[in-house]
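Listed below are the structures to be examined.
Both complexes below contain subunit A, partnered by subunit B and then by subunit C.
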Partner chain A sequence: MKTDTENQADSQAKAVEEYEKTLERWFGEATKEDVQKVIDKLGEWEKLPYSKLVKLNLDLCSNCGACADECHIYKTLPRKEFNPVYRVKLLRSVYQKYFTWVGKVFGRFAGARKLDKELLKEWFVRFYQCNMCRRCNIFCPFGVDNMAIVRTGRLLINDVMGKTTEDMGRGVRYHLRDGNASEMSEAAFRNIVSFWEDEIKEVKGWDVKVPIDVVGAEMFLIPPNTDYFHSLETMEGIAATLYAANVSWTMSSKIFDSVNYGTFFNDEAWASIITQHIEEAKRLKCKTLVVGECGHATKSLMFLGPSLLGEFPFEVKNILQVTADLIQHDRIKLNKEANPETVTYHDPCNVTRMCGIMEEPRIILRAACMDFREMTPNRDRNYCCGGGGGVVLETASHDFRMEVTGKLKAEQMQRTGAKIVVTSCANCKVEISHLIDQYKLDMKWAGVHDMVLNALEL
Partner chain B sequence: MTALSYLVIIFGYLALLLFIFGIIYRAWRWSRLPQGFSWGLFPKPTRWVVTSMLWKILAWPTLFKADRLLWAGALFFHLGLLVLFAGHLGSFIDIASLGERIGIPSESSYVIGITAGTIVAITILFYISRRLFIRRSSEISVFADHFWLWVLLVVVLVGIYSRVFHEVSSDAVRDFALSVVAFNPALPPQNFWFLMHVLLSEFFIIYAVIGKPIHLVGQLFTQYILVSEEGS
Partner chain C sequence: MAKATLGGVEIEVDDDGFIQEPDKWNKDVAEDIGKIEAVLEPGQDKMGADHWTVVDYLRNYFLEFGIAPPIRMVVKKSGIDLKKIYELFPKGPAAGACKVAGLPKPTGCV
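For the complex of A and B:
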């Protein structure tokens, strides 16, 4: 008879093994030419988008392992291959072998490794297991950053072989073709918008009309595609908030999806998608491009975009900043009693650690809820939900996320004793909803603006 | 002994050359790499960028949060090295009288040196045992990680041994060191342990430029990017 711990270990091992097999299948087989091209590309440091910090990281990481216990994946399943240093070493060993003379002369003694087909396959598997949450960076004395390393590895493979994970790759293809990642037509978009309007009418009794394609509106809002089918209340809350505050805003009937999966693995796709966003914002002549409750899109539009493509002729904000500002300027009225249950907040890595939006959601939740309770740790030291880095986008990663990457978050959520876990990132919402089901947690999940919708008064 | 003396002199110049130009070269290579994507990582200091950078570089608050034992070990290790470095400046300048001016009697240099050396040796043993017995560290350590810790340990132990049992007069050391710096090398003091100490140190200095100890310089770049970069 096996104990609970043994059973858990078994199911974890099975989940890891199955997802690894799937990742290996997606990768397929590399050719010798692929391997050589990857090496050549690695040699062209100047052209890699994260070149400076990655090179410094590879040169400085001293294999101390201080980051390991800070990684939610390693903490849950302390296997060598989940150690953040191991992931750094996958890239560094190859870098040493071909581009440092210590590696060339001393080879394996110095930790250098020849890149071959098998190692390249391992790159793919390991780099797509990482959530790219950057928590290790916070704790590393040298600022070594798995996100940068992992993205570089993914990018090299994708550039040379065109490989990425299944659903994420499909999302990017759709995005480049249709302007959104979920094959949504303009008609479907308009249908859902009127559904939001009907819902607001039903819940609040207000005749909210979502402005579409209004040239010259102050704000141009792009929510993530999940707000159209997974977390509809979030977008209803946003529309109601902007209506209640009498803000001049618009959405676009063409570009209505903020997500940009290129952020996770491919620069060209990333740049094309972000250009769609920028061009539409220019066409609509908005003053502010507002990203909905979406983490990676906020990072992508707020920081990555301007740093590679130059300053935009408009400001970029996240909707949390807009709403917090409206609250602080008394432009909307919230009745806390509409949300009497205990609420906790999960800090999405992209919103918090990578965009610095930490206090805004707290301002909103404290104004909209009777009992707001912090999760520990929180803010910049939060743990990833387990779906970061595009891992949650894969249907096939479900068991891996539930058993390994998201386990710590499930325990953390449960410890708060809250009845509602609120978060402000579409991917986190999907992951958290799965965790609640998987661990049968006595709680619901919601977006920040779901709570605002309940509490909003005219 | 003479062969050893020549080795000490040759590697001395090599170490000096590599140390100076190696560090400049590496810093230059890092500095000319394009920044690429903005590296926003929050929270960022809105003021006191230099102070926060120095705080991160000198006090390692992030390591303190992650692993206090390693933080304490590393602190003693680096402070010990700093004291040893200051003491070894005595090979070039008369630090004894300098020390006396700030209230450190020259007789205490022996005690200070041996204490600092012992602290460094103990902390190296701590590093080594981490790499051997703590799983998250041992599973990712390679030969080079161990090797250079052992080399440094031997450098320190030989240094302590020669100071205690085969002391060379500081004047003789200074005469030799200054002759090397003046590109007119005299024969070093003929003491096997002293010569071994110097030769091994020279190896370590060469390694420091190409290996991990370069973090002393590289840190400046990384922390600058993380603390001050656009995106704050």
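For the complex of A and C:
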């Protein structure tokens, strides 16, 4: 008879192995030419604007391993290849071999390694197993940014071979073709918007009309595709909030999906998609582009965009900042009694660690709920839900996410004793809903504005 | 991409069993996918009225709007609650019922 611990180890090993096989299949086989092109690209890439940052990161890592104990994946399954240091080495060893004199002269003795087909395949597998959550970054004595390294690895492979994970790649293709990642037409968009309006009417009795294509509105709102399919209450809560506060806002009938999966693996695709967002914001002449409850879109529009493309002629905010501001200026009225259950908050990596939006969700939840309880650790030290870095987008990653990357999060959520786990990122919502099912947790999941919708009064 | 014979027709399917040629869908194709994805009444070899209420709703929405409808819309408009949908299609509305209705696999955080 096997013990529970042994059974668990077996199922974890199986989940890892299966997803690794899938990743290897998606990668296929590299040719010699592919390998050479990746090396050339690494040389060219040295000229890119953020390469200094990555180079610095590669040089600074001293292999101390302080990050390992802070990585939710390594903590769950301490295998050497899940250690953030190991991933740094994958890229650094090759960089040293071709672009540093120490590596060129001393080769393996200086830790340098020749890039070949097998190593390139390993890059693909390891870089797509990472959630890009950047928790290791805050515990690193030198501040090495593992996310930047993982992203660079993914970019190089995608640039040369066009390879990425299946559903994420498809999402980007749809986005470049249709202006959204879910094949939504304008008719579908309008149909779902009117469904939001009907639902608000049903629960609040208010005749909220979502403004569409209003040129000159103060705020231009783009929610993630999730709010159209998976978490409608979030967008209903946002629409009701802006209605109650009498804010001048609009949505667009053309560009209504904030996601930008290029963020995770391809600079060019990322730039094309963010350009759609930027151009539409300019066309609508908004003062503020407001990103809905979406983590990576907040990172893309608030941080990556202005850093890589230059300042925008409008400001970018996350909806949490807007609503917290409305509460602090007494522009909306919330009745806590509408949310009597114990509520906890999961900090999405991209909203919190990346963009520093930490106190706003707490201002909102304390105002909208009777019993708000922190999970530990929280704020910028929070663990990733296990779905970050685009991993949650893949159906094939389900068991890997449940058994390995999300396990720590499930335990953490359970320890709070809360009845509702609230979060503000589409990616996290999907992962958390899967974890609740998988671990049979006695709790529900919700978006921040789902709670606001319940509590809102005129 | 693999081929499968469904309803007597050869159709391309993806890794998760979603059909890739929506035009080839018909009720016989649905019944064949239903043999894997749907829970049938004891003694029955075909899907029941409730299965078809969900499948027809999804199919018609797809034909009109080109996408799968939000789950809550399915529940409200078809009159069949989510618990019941999971009983009919254990993988749920997206991975189960949509597959039977011949819709493409949903993409994104959905």
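Following the convention adopted for this analysis, the second predicted complex is superposed on the first by the 452 of 458 C-alpha atoms of A that agree within 3 Å, B and C clash if a C-alpha of one lies under 4 Å from a C-alpha of the other, contacts with A are read in each partner's own complex, and residues count from 1 in each chain.
Methods note: a residue touches a chain if its C-beta (ideal position, glycine included) is under 8 Å from a C-beta of that chain, and two chains touch if they have at least 3 such contacts.
Here the structure is a predicted model, which is why all the values come from computation and not from measurement.
Q: With both complexes overlaid on chain A, does A:353 touch subunit B (first), subunit C (second), both or neither?
A: first
Q: Which touches a greater number of subunit A residues, subunit B or subunit C?
A: When the residues of subunit A touched by each partner are counted, B comes out ahead.
Q: Quick check on the superposed pair: does A:183 touch subunit B, subunit C, both, or neither? Answer first, second, both or neither.
A: After superposition on chain A, A:183 lies in contact with subunit C alone.
Q: Could you tell me if A:368 is touching subunit B, subunit C, both of them or neither one (first, second, both, neither)?
A: Touch status of A:368: no partner.
Q: Regarding the shared-chain residue A:80, is it in contact with subunit B (first), subunit C (second), both, or neither?
A: After superposition on chain A, A:80 lies in contact with subunit B alone.
Q: Looking at the overlay, does A:55 come into contact with subunit B only (first), subunit C only (second), both, or neither?
A: first
Q: Check whether A:385 is in contact with subunit B, with subunit C, with both or with neither, and answer first, second, both or neither.
A: neither
Q: In the overlaid three-chain picture, which partner chain does A:134 touch, first (subunit B) or second (subunit C), both, or neither?
A: First partner only.
Q: Once the shared chain is lined up, is A:110 touching subunit B (first), subunit C (second), both, or neither of them?
A: Only subunit B; A:110 stays clear of subunit C.
Q: Give every residue of subunit A touching subunit C within the complex, in rising order.
A: Against subunit C, subunit A makes touches at 166-167, 170-171, 174, 181-185, 187-188, 191-192, 195, 199, 224-226, 228-230, 232, 259, 392-393, 395-396, 426-427, 429-430.
Q: Can you list the residues on subunit A that touch subunit B in the complex?
A: 45-46, 48-53, 55-57, 59-60, 62-70, 74, 78, 80, 83, 85-86, 89, 100-102, 106, 108-111, 134, 137-143, 145, 148, 299, 303-304, 306-308, 352-356, 358, 379-381
Q: Which part of subunit C faces subunit A closely enough to touch in the complex?
A: Contact set of subunit C toward subunit A: 15-16, 64-68, 70-73, 95, 104-110.
Q: Per the contact definition, I'd like the list of subunit B residues that touch subunit A in the complex.
A: 26, 30, 33-44, 60, 62-63, 65-67, 70, 74, 130, 134-137, 139-145, 147, 210-212, 214-215, 218-219, 221-223, 225-226, 230-232
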